[in-house]
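Please see the structure below; I have some questions.
Chain nomenclature is as follows: A, B and C, assigned in order of appearance, with residue numbering initiated at 1 for each chain independently.
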Amino acid sequence: MNYDIHYCTSYKYESPVTDNLNALRVRPATTSNQRCDEFHVRLDPEARIHRHVDYFGTEVMEFGVARAHDHMTIDVRARVVTSEPPEAPEAPWEHLDGETYAEAAGEFLLRADDEPDDVVLADLLDIARARTPLATVRWLNELIPDRFAYRPGVTYVGSTIEDLLKAGAGVCQDFVHLGLVLLRRNGIAARYVSGYLFSAPEDGGTDSVEVQTHAWLEALLPGTGGRGEPIWVGADPTNRRLAGETHVKIGHGRRYGDVPPIKGVYRGTARAELEASVHMTRLDPAASARA
Amino acid sequence: MVTDATTAYRPQPGYFDEVFAPDGTPHPHAVSLAAEIAKLGPELLTAAGHRRDAIFVQQGITFDATGEEGPVKDRPFPLDLVPRILPAREWDHIERGLMQRIRALNRFIDDVYHEREIVRAGIVPWRLIVSRSHFARAAHGVRPPGGVYCHVAGCDLVRDADGSWKVLEDNVRTPSGISYVLENRVAMTRLVPQFFQHHRVRPVDHYPQLLLAGLRSVAPSAEDEATVVVWTPGPMNSAYFEHAFLARQMGVELVEASDLVVRDDVLYMRTTAGLRRVHAVYRRLDDDFVDPLEFRPDSLLGVPGLVRAYRAGTVAIANALGTGVADDKAVYHYVPEMIRFYLGEEPILDNVRTYLMADEQQRETALARRHELVFKPTGESGGKGVFIGPSTSKEALDGLADVIRAQPEKWIAQEVVNLSTVPTAMPDGSLAPRHVDLRPFAVFGETIRIVPGGLTRVALTEGSMIVNSSRGGGSKDTWVLEEDTGADVPREGDTQLHEVMPTNMPGLRYGSEWTGQQQQQQQRRAEVGRQDPRGIGRP
Amino acid sequence: MLSRIAQELFWLGRNVARAEHTARMLDGVFQASLQGRPDDPAGVRLGWGSILAIMGSQTDGRPVRRDEVLNRMTLTREEPASVISCVSRAREGARTVRDVISAEMWEAVNTTHLALSAGDLEGRMQMGPYSVFQYVKERSALFWGLTSRTMLRDEARAFLVAGGRIESADMVLRMLRVAMPAPGEHAEGTDGVRDGQALALLQAVGGFQAFRRAVPAPPNAGPVARFLLYERAYPDSVAASVDAVHGALFDADEVPRSSEPVLRLSRLAADLEFRGRAAAEDGNLAEASSLVQSELALIDADIAERYFAGAGAATGTVVA
């Protein structure tokens, strides 16, 4: 599908601030199912943008405004083509063993220092495992939203899994963090994905839709053949489904902290008021029949 | 006049003593030193110790520790006045071994953030590397100027019962202690100059120059003299004394994060004359606190944008970002393999026998022997979290085994090393054997330079092997001799060096004859019996 | 004021300054001499022979023994250049001008003399001369501190200060010239040796940290010599001392504009300023040191001529 994405963030500061430095990870990635054709960033106040690709392969744009200013607008526009990912492989658990899988899994199997231990997760771990790795992914897509309510404002960007467990509710980011841990504890490599999600209006209209930046996960599923290459399969526990052509990926990492859309600091005591909006417009309504 | 201070000394059986052979006679290179200590005698040695404490307190060379009755503040740094003495050939071996090791570590760090050849060759598992707490993803693909990462290294060495040297750990993040090496030497020349009489001891006070030259050599600067700064976390840091010491000795600014700012991709410091470009930063804090945009998002301690400037190559950071990956006890295990892989050489200095807990077989064998081994968390330093099997209760060790099995990649086990001993002064001035280790300091700029000796830490409690100053350890001046024995040294410091007399040097002037006479007359008038003003103004 | 009193004050200043400089120099050389030949040229030291050269004493060709030089230059009353002789002369001078200087200044000098004369000084030297040198340095600092806090800023003080500063300039020039002879003047004077002497020199003068803060270059011969000669911001540089002597005499003189020593001093100050900007290589520096030293000797003579009624003009030079 073809999308036009318009991601606009603007900060208003109560009093002028200086040395406002930011790192953006907002550019849609180019993958086997997705291609980013156009991409522009406009800044107000203007600043020179430095680009580099980070360790996880995400393009990072950095800029700084040194002089005093009382607002900052980051206006991102992108045009993306996506296609439906291939069928997810349904291989047995045993295919997780072996060097090929371990090598592809790399660090996405590793436990992080701030993860809750098995005891805390016990009742979830007891039921998280299904018949096959793919079935487990699908099952978690149901289990997590069943157990936890989607409720913005309960958690914040720095919240841990334990915060989610305690609150019983959270947002997509928290759901993904929990999903990652449950998959990794079962030996399935999994990574955090940051991106945009096109949610078609209920009436099936094709107009511009107000959405949000979104998070889902990718699980590394072993191939079905004897030595089949394992592949990364997207799953969106917030929306109870595997990722498809409505998911526009920016990048991945071990966790949210590796791919935050905007990260910044400024000098000054002023508080900032934030307004952010993402508009996605589908440009090929004719293709919607396939969706 | 030889007193029982040294004649009564007997090394402990089972340990290597660096001054005395088991029969109580000194090793050949230490004969003169032992004689001078005996000549001084216990009383004067104790008296010199009191003077030392007074000088250290006056100069603020103190530390805070945790004593039995709670924390103690402003204690004089415990320098033992009996030096540790190493003959030239011994040092030569250590120096070559360390240079080799540091070259290999540097290659490893570069490899880890670029080609990963050692991983592809199947020598070090990638999972092990990425699970190191100091593996820095922000350093991926960034090659610092000159390809140097560990500009400053301080490897800890120990000496086993057979006298052989072994590396205990590689400190390549922010090793501290060099200021004590320099201050100890100054104090020794002031307090017990006679000990130096019969030896030619290699000086250590050029370290700040080596460091400054090393930092300048990697600084990306078109100008003649690059601006170098020392970055300290602040006066509350336990090593602040050293940060200030190094800045003062190098004549560079001691900065905190708030003094630094990145504009575009260049680092500046804020001065009264406006922003001033900085070319090289000797930072004394971990990666995590360097740049809140790249590392800990919850920390606002660092300099936002510094990593961008670093990536752009406009500033050198020492040690380079990501160097900590080599400062890890599980990576340590592979250093001998690195030396073979990168340099094609056999290691000159051995490791202490180490077992990786991530390896199931090694783990279970080691845990079965847990009362005999030492267990260390991989990412810590300074003796933090270490369990010494023989002196840990069974319950604690059983608990430890559970902890290790839960996160095996975070632990290693090592054989216990019977640290060598050096005679050490007791409060009454007598000598007793105490265990020591050694931390030499290397600077890697254009080449690797190592200051002769290093920081010798000594466990002041009988039988103890814990040398950390925060836990009751002291230190010793470490002498590297110009020679292998004390035999070929000129007596009594005779020298004929540089007897230079420039031409036309006028003689010293004194007050005139006239003045002298006046004084004598006055004196005669004033009183009788005053001291004769000899030598006044006579040609 | 009386010429005699002016001269006493002038020499009181010189003797206090000389005692301090000698102590600093001996301490610096002693500490460096305890350690072996370094593997860095930057660490080479001033030798014991150099000290005798600096102080105008010469040897009879025998090897110079450290302890001999130390004792001779610190404790020996028969050696006019020794620390104790300087202090003795300062004390006698201070006694003469007791009514002019403050009581606290007199006590400071007198106590120093008594402490150095009494007690087991040789024993202390044996245990480590550091404490003796440290004492002399501290007492000197006390004396000058008391001078600036308690003495009337009059003509008397001007002569005292002028004496102290001209002595500082002379001592620094002596050390400079010995540590860094002109190229070709001495066969052993390779660059490395001379660089090392530069560092030892800085340490002997006590200016290492000041150098580090003021000069970005490594402490090699050239930068160190330039610093010690020309750096006005460093109080013990020759230029700063010359300025101070000039300032003091300018204040003390009734008609400074027709005073030969004041005029000479202002010409020398300007010359140092000019050379400081132009100085490039150390060959010139050795030559400059030599010239400045000769000029200072002339100024010294002019001072005696103008203020001390010619009493000290041609006599009193000791060449041992």
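Please note the rule applied: a contact is a pair of C-beta atoms (placed from the backbone, for glycine too) under 8 Å apart; a residue touches a chain by one contact, two chains touch by 3 or more.
The shown structure was predicted, so the numbers you read here are calculated from the model rather than taken from an experiment.
Student: Should the pattern of chain-chain touching be classed as line, ring, star, complete or other?
Tutor: If you draw each chain as a dot and join those that touch, you get an open line.
Student: A-B or B-C: which has the larger count of contacting C-beta pairs?
Tutor: B-C
Student: Please compute the C-alpha centroid of chain A, do the same for chain C, then give the distance between them in whole Å.
Tutor: Spacing between the chain centres: roughly 74 Å.
Student: I'd like the Å distance between the centres of chain A and chain B, where a centre is the mean of that chain's Cα atoms.
Tutor: Chain A and chain B have C-alpha centres separated by 46 Å.
Student: Between chain B and chain C, what is the gap in Å from one C-alpha centre to the other?
Tutor: Between these chains, centre-to-centre, one finds 37 Å.
Student: Name, in rising order, each residue of chain A that touches chain B in their complex.
Tutor: 19, 21-23, 48, 50, 52, 54-56, 62, 64, 66, 102-103, 106-107, 109-111, 113, 117, 158, 257-258, 260, 263-265
Student: In the complex, go through chain B and note every residue touching chain A.
Tutor: Listed in rising order, the residues of chain B that touch chain A are 126-127, 130-131, 133, 137-138, 140-141, 261-265, 292-294, 297-298, 300, 304-305, 308, 311-312, 406-407.
Student: For chain C, which residues count as touching chain B in their complex?
Tutor: Within the complex, chain C touches chain B at residues 4, 7-8, 11, 14, 18, 30-40, 42-43, 45-50, 52-53, 55-56, 58-59, 63-67, 77-81, 85, 88-89, 92-93, 96, 117, 126-131, 174, 177-179, 181-182, 185-186, 188-189, 193, 197, 209, 211-219, 286, 290, 293-294, 297, 300, 304, 308, 311-312, 315-320.
Student: Please give the residue numbers of chain B that touch chain C in the complex, ascending.
Tutor: 44, 48, 51, 185-186, 189-194, 196, 199-203, 205-206, 209-210, 212-213, 225, 248-251, 452, 481-482, 492-515, 518-519, 522-523, 531, 533-539
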